[in-house]
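So the structure is just underneath, and the comments pick up after that.
Labels run A, B, C, D and E following the written order; every chain starts at residue 1.
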Amino acid sequence: MESVGYYILGVIVTIIVAFMVGMTYMGLSRKITARVQNRKGPPFYQNFIDAFKLASKETAIHHGFMHHAGPAFLMVASIMSVLIIPVLNDGKWFPNLNFDGDLIFLLYIMVFGPLGMALGAGQTGNPNSAIGVTRGLSQMVGFEIPWVMALVALMMQYQTTSLVDLMAVQQTTGWLMFSSPFAFLAAVLAMLGMFRYSPFDIVGAPTELASGPVSENGGKYLFTMMSSGSIFAFAKLTLYVDLFMGGADNLIELLIKTFTIYLIPMLYGMVSPRYRTEQAIRYFWGWPLFFGFLALVHAMVF
Amino acid sequence: MDTTELIRIGVYGTSILLILIGLYAVLTKRSLIKIIIGLSIIDGGIHLLLIGIGYIKDGTAPIFSPGSENAVARMVDPVPQALVLTAIVIGFGVTAVALSLVIRLYRHHNTLKIDEIKNLKW
Amino acid sequence: MINDKNSQKIADFIKNWARKHSIWVLAYGTGCGAIEIPPTMTSRYDAERLGVRGAATPRQADVLLITGYLTTKTLKRVIRVYEQMQDPKYVIGFGSCTINGGMYYDSYNTIKVLDKYLPVDVYINGCMPRPEAVLAGFGKLQQLIAEGKANGAQKYKDDHEYYRGNLRKIIGNKYEMPLYNW
Amino acid sequence: MVGSPVLLIAIPLLAAFLIPLFGMVWKESVRIVPGLVLAYLTYLSASLYIEVINTDTIVEIIAGWRPPWGINLVFSPLTGFLTTIMTFMGFIVWLYSYRFKRNVEFEAAKKYFIFLMLLVAGSVGIVITGDIFNQFVFIEIVGISAYALTAFYTGRDSAEAAFKYLIMGSLSASALLIAIIIIYSQLGTLNMAEIAANIDNMNPYYRIIAMIFFIIGIGVEAEIFPLNGWAPDAYTEAPGPVGGAFSGIVAKAGIYAMVRMMFTLFDIAGPMKILIVIGLITLIVAETSALRQEKLKRMLAYSSIGQMGLVLVAFGMGTKAGVFAALFLMLNHAITKPMLFLSGSFLTFNTTEKYIKQITGMAKKMPVVSIIFVLGALAITGFPPFSGFWSKMAFLSAAADENLLFIMATILIISIFEVVYYFRVINRLFFFEYDDKISVEPHKPGFNGMIALFVLAFIVLMIGFYPSSVTGFIDLAADDLLNTHQYIDKVLQLGQTIIQ
Amino acid sequence: METILTIFIIFIAGATGTYFLGKLSGILRSVIFITTLLVTSWLFFTAVSPDVIIEFEIMGILMSWGLTPLAYVFAIIVFGLAIIIGIYAIKAMEGQRSLNFFFANFLLSVMAMFGILISNDLISFFIFWEIMSWSSYFMVVLNHKDVQRSGITYIIFCVIGAYAMMMAIMIIYSYSGSVMIGDFISNFHAFSLGMKWLLPILLLIGFASKAALMPLHVWAPGAYSNSPMSYTALFSGALSKMGVYGMVIVMIMIVQQIPDGYWIKEVIAWLGGITSAIGTLWAIKQDDAKRMLAYSSVAQLGYIIVGVAIGTPLAMMSGLFLAVMHGIFKSTLFMVVGAIERQTGTSNFTEVTGLIRKMPWTFLAALMSIIALAGIPPLGGFIGKWMLYESLMGSNHYLLIIVIFFSSTAAFLYCYKFLFGFFLGQEEKEWSHVKEAPAMMVVPMIIMAILTFVLGVFPGLILKPINDGMQFLGYVSTDNRFWEMSTIFNDWGNQVVMEPIVYTIFAIFLFFLIFLTLKGYKNTRYVTTKDISSSGEIPREDENLTFITGFMQPFFRAVAPVMKRQIDKYYTSFGKGLEALFDFTRRIYTGNGQTYALYFVIFVILLLMFRDSLF
């Protein structure tokens, strides 16, 4: 039993690492997108500059309590999820809160952020925010189903709801990605919606909704959201790696694996136009759901 | 078949015929008065039936008078006669009420057709 | 915590550096100049490499880009948008029309001189200015920001009555502008 | 002995004839004397009933003729029970209709009370007589007085209702007479006990024919299905208290006659398919018809018919529990339905059409009457803790004993309709705004009427909260009905003893 | 024995006093009302223990009253809610119609629920059940709104349930001669196979109708939305739990004794799952807060029923815990709606917006309850959801978990709609006069909101009595196996320690809240919601920019095929068809005397024809 101070230190380190990695990945994504579009693109550290600028920008107005609380909720969700998801296999570097990293807890804490954010967006009174929020929540209902099916398939196959257990399983049986391919497929397709890259960027929908829920937020609010988004991205990627790719033994391995995963929504997004909301929902209730069922069947049979 | 039987069948037959005639009137005639007449005919038929069951050939009045004590066997049964008297009285009363109702109905509806008097239904 | 002048300077330098390299543009596509923005942003000229990027709403934007002529009808809206932007904020006048009316110099319903209504930091000349010119304009703005000279917002704050007065001359008192949003 | 059962018939008959004479002396006596008579009858009946329970059945002989030949009256736990209810309800109806309408002038009131007396006398006679022809006579007395009471109001459609009643009534009387003729020609006697004792000697063919004609003859009073076309009309058009009297007194007498005939006369043991089938059909048709009624009294009338069907089904099960349930249902119905009729009649006092929509929002204007109406509705639909619940429970329990699950289900489903139409009225009464355009002018109920309603409400609550207060009596009555041999013995032994 | 009786007497006396003395003065009424509730609760919690049993006899049927540990859990809900809602109601009902009746009836309802819980035999259970039915019915129609439709629907389903139950009770009575619940359970094996299936199904219909299980749920929206909100809080919070209480007993004690009774459990669990999904979908669609919460109640009861029907120890525990939690947060939400309706006069999302600054405390209560409802971690709703999922996982109901999760995720949509519709969005001039609700209404709501938090951190507070109740049901004690004060376990030994999680969440939240609030605080000022980036256009004061009409339209375009079939419509057309049929059949009574005479003759002929089969 280490001291509380050690834990708090670990927590802070985890958050900082998550923030850095997430920001870098987002910058890389911009860079890669630019290269795909035959542009030079911004430097990979562009997002850090943007974040710093936003933090330094004045915010002279607010719309009330929830306007402050919304981004804070978002931050709670992302930090909690990054704390609960085991970053590395042995857990020495990042001694965080992962109490057997319960998956159902994770599922709920992960949707907590968008809801809090939506509340913050609601108080600004901007109609675009509300439209964006409804789209986001609708889409969430869409992609959560295949995602949960994939998780349930894994959980039932290994009779545990603990992320740590699932990681331990992979130490012996190999990556779940190969032993449960359908679950992986369903989860990956659900991830497309989770990352909200095109074609599922219906929430922000630039030029359509004026960036949706964040349209009233600049400066410190946007900074908080941005950092939360990067931490959250890191958390989600780590979760995928932990679930399907056997986790990581050191940071380098983690970075490689997470970036590989990250490429999927990124590259998919570069070449796709935007869906409408109902199209997005129907998309998730099409093939991903089918794969989810297959995953369940697979888990039941084997 | 002796005459007693014949008479009995005749009486029964007549009474049943009367009942049927009365029923026919009640069921098909549209005038209230005719319906009441039909009811009375039914009553009459039944009274006849009632009398008929007490019939004995060459019967005497059921009066115990000195000197004819041995005629008990030939006496007609007194009970149906008592009953029929009562029934006639009752029938009379009913008919009287019915006719008074008909007067009321005629005043109110200005008609005696039964199928036009159906304000109360369903 | 750090109150002395030198550290303030250092902080300002870092802030200005960050601002310089992260310019979020709210392009107010009022006139034909808007057609020049897409080439500026896309593959060929790729303004994003300079950190220039579109912003969706005034709350998030640093630069208000007035592309071309401004009609009297849109004027109050543009000013409203500008007032909603958060400090630090800059204005770029784009095309000749914003300087002197350009080919609409004698139009009855356009604004000839944008400077009267908004504190323009950088003008980009031309009708239309080509993307190269636009990039040059952004470069100039970055230079001004780095030097700390892009203080149009401060000017607007100081001479608020002047700008408001000019606005009133155009739109009259029929339309109440809400209070200024710092 | 406080008095003789014969007084129960003789006094009201006598009163009926004397009322006009009293009226010549003092006009108010026309209203008062019936009340006194009915109060005395209630007292007499109740005290006789208690005596009967404590000692033995009273068999009263009329005019000295011995039972097989003469007319006898039987005052047993069953008949005493029913008689007490009837006389009591008669008293309640009197209490209510004493100065029911101030505009009803002397002549009308005189007629009304004469016929009410006849009605009570006839009904009590039907119950306590031991002779079928005598029963026929009483049925006719009830019939004639009922026709007259139905046609009480002039200027409405009451004559029409009375005429329909009359047609059905005379046809049924004819059928009853035919049945009597058949029995007499076969067995040569009119005494119920004698018939019951010898019924096995009867030609089975004639027996069934006689039974059919009996059922038809009594069925009109008992309101069984195809013969009850008159009932809704008569209940609707008769004055409110008369509706209460019909449902509380006449229908009970009809049911009694029917079950006495089935149980004692023809001595059928075990379940009676005919009663169950007829009862179920009556119940279904009546309750479903009630669902769509627009007139309050007509709705209550159909409900009343439906309850009679339920009672018949309960009797038809033929078991102790079934009879118990049936008698309990009769008791509750006899109290609750008049309560509904009387309070409903107050609510719709100032209208002749009696539409349900006309009582919209009346609870604001007449709260107490409305609450009593609701109490009645809740009781009759079988909501605990009111009286109807216990009888319904007894009924279902009896049906479950006989494994009649289908019947239980049917009756419960039909009860849903009952609940629906009663609650529609309750909603209108309480939970709608009073509307000047459609609602009627509220009426200030008289003191006497309110007393009557309060008494009934008290009984409903009493049975509801403490059903054991009446179940003992009902139990004895049920035993009495089922024990045919005891009945025969009691009546005929008397004849024997007198011979000796 | 006297205590139970005393409680009933106090209830009846209180109700009578409230009704009659209330006519004298309003204060007296309130005092009597609250005193009755407080005294009875005090008596209950101090003097009623499970050992005491009263026995008595009515109509020869032995009855008995006594508290079971299971009932104790529900009694906590009933009395707790009754007191808090009672305090709320006094102020909330001010100026409404029929106050005396309302408060008296409120007491009657509470008494009936207490009676249900205290009954050890089926007959008194049924009696109190029916009292509860009609007293709640009178509340449903008390507002004079939509009386004939929603009221009648409610009473129809009440009596369908009650009669199904009564049929079962009577069969039990006549077959076994006893109406004791305990006797029934122990003698159940002696029933024939058909009865073994029929009885539980009939009983379940009875309970499911009150718990608004799927085919029997159509009354709920109308009934919940039309009764006064002060009562609906109790209605949805406590009254519907009586159905759950009955279901717990039937599912655990009886269904387990049926051979192949497994199927009943599965069917009920699936019905519960489908109920929750459908209820959620319809809740999203509602524009009226009351109806929305009503559908939401239906959905939440679906979860509870799933937990109860699965019946593993963890599932049962989750079901009961969810029942308690649902009682807390749903009644708070109904109270919130009541407060809003009182202050603004409407409960329609499309009319009321932007109340957050006018009614901040109400908003806080609403926010906490919504978070609890959505099952989001720091608050109590999560514990129940967590245990439910874990139990489903542990008992291999994998498809059911998907359904549940779907409805639980879709629930966010209406959760958001509720908060957004009332509190967030544009602040309209129309509602600028609105004030915060009086303290007497706010304080109960806040207490409830705090409760959701406390139970989220220390679920053991309520899991302990639940554990006792489950031991009564025949489960082995789950002490220290499924719960500790702040830790919950699942079937496989995984555990969640709530305390550190909650503290961390709050630490993070507070840190960022303070950061966001205080950074540049001096230069920051509040602007109205009219000051938004709307393409430079300046919204006028009277312009309503709030986006609330057709709120979730894209979502509904996606799920349109599911929403097309409404069970209400089938019921309505069935009812209409029946009424048309009865309208037709009652034409038998033609009104023509001659026809009746014809019937007479036909009847004679018919009887003569069928004399052999009928006699």
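Methods note: a contact is a pair of C-beta atoms (placed from the backbone, for glycine too) under 8 Å apart; a residue touches a chain by one contact, two chains touch by 3 or more.
Because the structure is predicted, anything quoted here is derived from the model rather than measured.
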From chain C, what is the lowest number of touch steps before chain D is reached? 2
List every chain that touches both chain B and chain C. E
What chain is the most remote from chain A, judged by the mean position of CA atoms in each chain? B
Far-end chain from chain D, centres as C-alpha averages: C
The larger set of C-beta contacts, choosing between D-E and B-E, lies at D-E
Find the geometric centre of each of chain C and chain E from their Cα atoms only, then give the gap between the two centres in Å, rounded to an integer. 58
Report, in whole Å, the distance between the mean C-alpha point of chain B and the mean C-alpha point of chain D. 29
Between chain A and chain E, what is the separation of their C-alpha centroids in Å? 36
Mark out which residues of chain D touch at least two other chains, giving numbers and ranges. 163-164, 167, 171, 232-233, 289, 292
Note: chain B residues in touch with at least two other chains are 26, 35, 117-120, 122
Residues of chain C that touch at least two other chains are 57, 59, 181-182
All pairs of touching chains? A-C, A-E, B-D, B-E, C-E, D-E
Sites on chain E touched by chain A in the complex: 354, 356-357, 360, 367, 374-377, 382, 385-386, 389-390, 393, 396, 398-399, 401-402, 405-406, 409-410, 412-413, 415-416, 419-420, 423-427, 490, 492, 494-497, 500-501, 504-505, 508-509, 512-513, 515-517, 519-520, 523-527, 529-535, 545-548, 551-552, 554-555, 557-559
Tell me, which parts of chain E touch chain D in their complex? 57-60, 123, 126-127, 130-131, 133-134, 137-138, 141-142, 144, 147-148, 151-152, 155-156, 159-160, 163-164, 166-167, 170-171, 173-175, 198, 579, 581-583, 585-586, 588-591, 593-597, 599-600, 602-604, 607-608, 611, 613-615
Spell out the part of chain C that touches chain A in their complex, as residue ranges. 14-15, 18-19, 21-22, 24, 42-43, 46, 48-51, 53-54, 56-57, 59-62, 86-88, 181-182
Which of the residues in chain B end up touching chain D in this complex? 19, 26, 32, 35, 39, 42-43, 46, 49-50, 53, 77, 79-80, 83, 86-87, 90-91, 93-94, 97-98, 101-102, 104-105, 108-109, 117-120, 122
Please give the residue numbers of chain C that touch chain E in the complex, ascending. 28, 57-59, 74, 76-78, 80-81, 84, 177-178, 181-182
